[in-house]
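Each of the two complexes below includes chain A, the first together with chain B, the second together with chain C.
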Partner chain A sequence: MIEVPLRTTRLLPHTLLGRIGLVVLAAAITVLPWLVPSYYAELVTSAMIAAMLALSMQLLVGATGLVSLGHGAFYGLAAYVVYLISPENVALPIWITLPVAMLVAGAAACVVGLFSLRTTGFFFLMVTLAFGQMIFFVFHDTKLGGGTDGAYLTKPLISAFGATLDLPRKQKYLGTYYVALVQLVAMYLGLAMLLQTLFGRALEGIRVNEHRMRAIGFDTFKIKLIAFTLAGALAGAAGHMWALHRGFVNPEIVGWHQSAEALLMILLGGLGSLHGPILGALALTGLGEVAQLLTERKLLVEGLVILAVVILLPRGLAGLGSRNTSNGAGDRHG
Partner chain B sequence: MTLSSFLAQILNSLQYGLLLFLISSGLTLIFGVLGVINLAHGSLYMIGAYTAFVVARAVGSLWIALPVAMLGGILLGSLLERFLFRYFYKREHLDQVLLTFALILLFEEGRSLLVGNDFYSVPIPAALDFSIPIVEGFSYAAYRFVVIVCCLVLAAALFVWIERTKMGAIIRAAAERPEMVDALGIDPRRVHLTVFAVGTALALTAGALNAPLSSVYPNMGDNLLIISFVVVVIGGLGSVSGAFWSALLIGLIDTMGKAYAPKASGLAIYVLMAIVLLWRPNGLFGQRGT
Partner chain C sequence: MGDPAATTPANALVLCTEGLSKSFGGLQATRDVSLSLHRNELHAVIGPNGAGKSTLVNLLAGEFTPSAGRILLEGRDITSLNVWQRTRAGVARSFQRTNIFLPLTVHENVRLAAQARTGTLASLLSRAANSRTLFEITDLAIERVGLTQSRLRPSGELSHGEQRQLEIAMTLATDPKVLLLDEPLAGMGQEEGERISALLKSLARDHAVLLIEHDMDFVFKVADVMTVLVEGAVLASGTPQSVRESAAVQAAYLGGHA
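Here is the complex of A and B:
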C-alpha cells in the first residue's frame, strides 16, 4: 500500500483557532432560527444552499485547479429532476428525490467531463460553458421544462424509514433549514476527509503539476473525471435542496450565471481553503440583501463589488491576512 | 421543401455565419494575442445593437449609427484595455472570468438605466426596405444582402490587415512568440491596445448591423457569446481563418437545423463541438497546444 502523509492538506484549517471558528460558526447557524424572524432563517437557508454549490465547485477550482463554467448546470438539472419526478400534488419522500437528483446530476457531469476534460485552460472554460448552456436549452422555453417562466413543484417530504417529519405549517421552514445545515456540514466533512486520502493528494498534485503526476504513473484523466463527476453529484444535492426550499424551478437556475456566482463566492471566501466558499456564500447573500435594501439596482452593486474584489484583493478575503501565496486555479502558463 | 425556401435558408445561414465571424474573430484575436478570455464580448455586441437603436431613433438614420458604433467600439475597446484588461494579462483565468462577468453585469445595468428593459425594434432604412427578386417566385430582403456585403467587406479588410500589413505581421508574431516581439523592441502595449480596440469595434459593428434584423432586448448578447465560444473552439483558439470557416459552418448548421429540424437544432452545434473535440481537441484549425 502507498503511504499517505499525515500532514493535513492545504485546504483545511491549519490552526486550532481556525477549527474552533468553524465549529462556532456551525453552532451559531444551528441556534440562529430560534433568535431571528423566519424571513432571515429562510435567507440563511438560501445562503447554505449557495454554499453547498460553491463548496462542490471548490473540489474542482481550489483542489484540482479546474475552472468550470458549466457547474451551475448540474445544480439546475438536479432541481429540474425533482420537478420532473414529482407527480402532481403528491410529495415524494426525500430519500427518493435526493439520490435520484444526485445520480442524474453526477451522470450528466460524467458525460460532460468525458468530453471537456480532454481540454485544459481556456478550452476547458469554453467547453464547459457550452455544455452547460446545452443543458440550459433543454429546459429553457421547452415543454419539458415547463416554459420560460418556470414551474411549481410539490416539495419533497422530509421523511425517513416511514417516519415523516410533520411540522405545523408555520414551522415548515425550520425543517428545510436543518436539512440544509445537515447536508452542508456532511458535505464539508466528507470533502475534508476525501482531500486527505490518496485521491485528494492526487488532485492537489494535478493542480500543481499535472505532467509530473502523469509521469509518476497517475491516470490523471480518470482522477479528474471522478472529481468532476463527484462535484456534479454534490452540486446536484445543492440543486435538490433548492427545489425543496423554494418549491419552484425556472431556467435561470440552470444558466451559466449560476456558475459565475459560485466562482465569485469561492474567490470572495478565498481559493486556498475548503471553508472559503461557505464564508463567501454567506457574505455574498448578505451583500445581496443589503444591496436590495439600499437600491433597486442589485446587479449594479454586485458588479461593482466583484470588480473591486478582483482589482483590489487578488487573493480574496482570505488572502488579506495570509502569507500563503499558493493560490491556484487554472494553469498559470496558458 | 421548395427550392425558393431552400435558397432563402442558404442566404440566411451565410448572413448569420458572417455575423458570427465578426463577433468570434474579435474573441479569438483577443485570446490569441492577449491571452484573455472575454466573457463580456457578447455584451459588446449588445452595446453595438443598442447604439444603433439609440442613434437611429435620435437622428432617424441607421447609416450614421454604423460608423458611430464602429468608432464607439474603438474608443470603448481602447478605454477597457488601457484601464482594465492591461492589468489582467498575467492574472489567473478565474480573475479574468470574474472581471469580465462583472463587466457583463455593469453593462447590462447601464443599458437598463439608460434605455430600460423593453424590447425595441430598429427600422430598416427606407431606401433598403424592399426585396430583390432572385428566381421566379422568390425574392430576398435587400437589407440582408447589405449585411452580407458589409460583413464580407469587413472580413476581407481584417484578413488584409492581418496578412498583408506590418501591424498584422506583428500581431501574428505576438500571438505565436510574444517574447520575440519584445526582443525586437516593439512596444507590446500598442499591439494589445490595437487588437482589443479592433475586436471590440467588430463586436459593436456586428450588433449595429444586425439590430434591424434581431431587434434589441436585454441580455441579447448572452446567447451569441456562447455560440461564438463554440465557433472559436471548433475553429481553434487564436485562429482567425479557423473562426471564419467554423462560423460559416455553425451558421449553416444552426439555420438549417432551425428550418428543417427545429426540435434538434438547439443541440446540433453542441454535438458538432463534441465530435470535433473528440477528434481534434485543439479545434479544426488550431495549431497551438493549450
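Here is the complex of A and C:
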C-alpha cells in the first residue's frame, strides 16, 4: 500500500513557522497584563471575547461556507442567560453558568438551523438575519432583561472551585483576562481537532461543492445542522464571557451588527485559516482604539483600513506569513 | 417482477422503473419509461440531444421527483428516497458536466466519496489521517479507473478525460450496486475512449451499469442491452442487434445519422 501524504486541513497553519507564531502570540498575551496598564489588559480581554465569537463563526464561514447574520444573536442570548440565571448577590460558579449559557445558545442555534439550513446563499443570509432579529426583539421589547436599557448583573464576578474571584478591585480584571484566554485557547484547539476529523473533511466538502456531497451520499443537512449548533454553543461561550467581563447586558449585544462585526474580523484576519479570526479580532480592536485617538471619524478610518486589507491581502492578515499566495488548488501540500 | 427464483444471482434484477414520467411545466421530458437493470449487464441508453437521457438519470438518482411511476431497487420501492439516501442504498451516479471537488486532490475527492457511509458520530471521533480502511477503498477505486499516477494531483489540474475518470472513481468508492454514468466519454479522445470502454465492461461484471452515450458505434460495441429514447419515450429496447434492426429506430434515429 502506498503511503498517503495527508495534508492537514486547509484551515490550520501549514508551516512550522506558522505554528510557532501562534504559540508566541499566546505567550505574549499571557504575559501582557503584567506589562501594561489595566486599561489595556481589559481592552485585550474584550478583543479575546470578540475573537471567540469570530472563531465560532469561522466554523460556519471558513470551514463550511455558511454565512449567517444570526450568529451574533446566540452570543447575546448567552449573555442574557447569565443575567437571568444569576441570583441576587451571589455568584454562580462558572461551571454552572458556562454550560447553561452554551446549552441555551446551542439549542437556539439548533432550532434556527432546522429552519434556515434548508435555504442557501442569499436566502440563508436573510432567514438567519430574521431569526437573529427575533431574538433581539425578545430582549429589546420585553421586560425580560431590562428592556431597551438592559440590566446590570448584581455580582459580576467569576466563581470557581468554591472560591470566588472577588479580588481587590484593582486586580479583578486579571481573573477575567485569564479565564477568557484559557477559553479562547481551548476553543481554538478544540476546533483544530474537529477540523482534523472525518467530520471536518465533510465540512470542507460541503464548502467546496455541497451538491456533489449529497450525490456521493452525505446527509449534508444533518452535518450543517451539527456545525451550526456547535457554532451557536461556542458563540454562547463568548457571550457568557462578555457578561462576566462587562457585568451588564443590553439589547445591543444581540443585534445583527454583532454578526457583521465578527464577519469583518474574519475578513480582516483571513477566511482561509482558523487563526485568522483571532488576528482579525485583535487587529480590529486595536484599530478601533488607535482610530479613536487620532480622529473623530473612527468608523470611517476603520472602514478604509479594512477595505485596504481586503484588497491588498486577499487571504487576510493570516495570509501575510505564508508564501503560498494563490487560492483553491494552490493550498495543497503533501 | 423481483422474483429471485426467476433470475440467476449472476445477472439478478437490481433496479427497475415502472411507468416513470416527468414533466417540466408543459414539457414531458420522460414518458412512461419502464426499464430494468441487471447485475453483470451494461445497459446503454441512447437518443438525440434533449431526448430525456439526463432527466432519466436524474430521476433514478433522486435529483428529480417523478410526476408518475415507481423506481424499485432489489424489489424495494425507493421512489421517495432523496439523493443521498439513494446513494447509500446503492445507486451512484456520475454527472454529464464534470462535478468534482476542484481544489481537492484526486485522492481527497475519492476519499470523500468513500467516507460518506461513515456515521456522523463515528466521523466526529475519527481523525481523518488515521482512516486506513478509507484509504484502501480509495486507492482501489483510483487504481480501477487508472488514475493511480495522478492520485496526489489537484483535480482541477487534470485533463478533461482524467476528470471523467475521476467522476467514475468517485461513484465506485460509494460501493454501489447500480452505476448511472451520464455520458462518461463526452469530450474524450480515441485512445482514452478505448480505455474507458474496457473499464465500463469490467464495471459491468460486478455492477448493474446504466450508460448514457450518444456515440452509436461505441454503444453497439460495448452494450449488452440498449434502450433508445426519443422525446422522453422508449422507442425500442433490447439487444444491440435487435435495436439495430428495429424498423422504428431505423426510421426515426439511425436514418438521421446515415
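In this section, the second predicted complex is superposed on the first by the 283 of 334 C-alpha atoms of A that agree within 3 Å, B and C clash if a C-alpha of one lies under 4 Å from a C-alpha of the other, contacts with A are read in each partner's own complex, and residues count from 1 in each chain.
One rule holds in what follows: a residue touches a chain if its C-beta (ideal position, glycine included) is under 8 Å from a C-beta of that chain, and two chains touch if they have at least 3 such contacts.
Owing to the predicted nature of the structure, the values given are computational and were not obtained by experimental measurement.
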item	value
Which superposed partner A:222 touches (first chain B, second chain C, both, neither)	second
Which superposed partner A:189 touches (first chain B, second chain C, both, neither)	neither
Chain B or chain C, by number of chain A residues touched	B
Chain B versus chain C as contact partner of A:267, first or second or both or neither	first
First (chain B), second (chain C), both or neither touched by A:27	neither
Doubly contacted chain A residues - partners chain C and chain B	328-329, 332, 334
Residues of chain B touching chain A in the complex	31, 35, 37, 39, 87, 91-95, 97-99, 101-106, 108-109, 112-113, 226, 229-230, 232-233, 237, 266-267, 270, 273-274, 277-278, 281-282, 290
Contact set on chain A toward chain C in their complex	1-2, 4-6, 9, 194, 196-202, 204-205, 208-209, 211-220, 222-223, 226, 328-329, 331-332, 334
Sites on chain A touched by chain B in the complex	61, 67, 69, 115-116, 118-123, 125-127, 129-131, 133-134, 137-138, 256-257, 260, 263-264, 267, 271, 297, 299-300, 302-304, 306-307, 309-311, 314, 327-330, 332, 334
Chain A contact footprint on chain C (complex, rising order)	61, 63, 82-84, 87-88, 92-93, 95, 99-105, 107-108, 111-113, 115-118, 120, 122-129, 131, 134-136, 139, 152, 154, 156-157, 170-171, 173-174
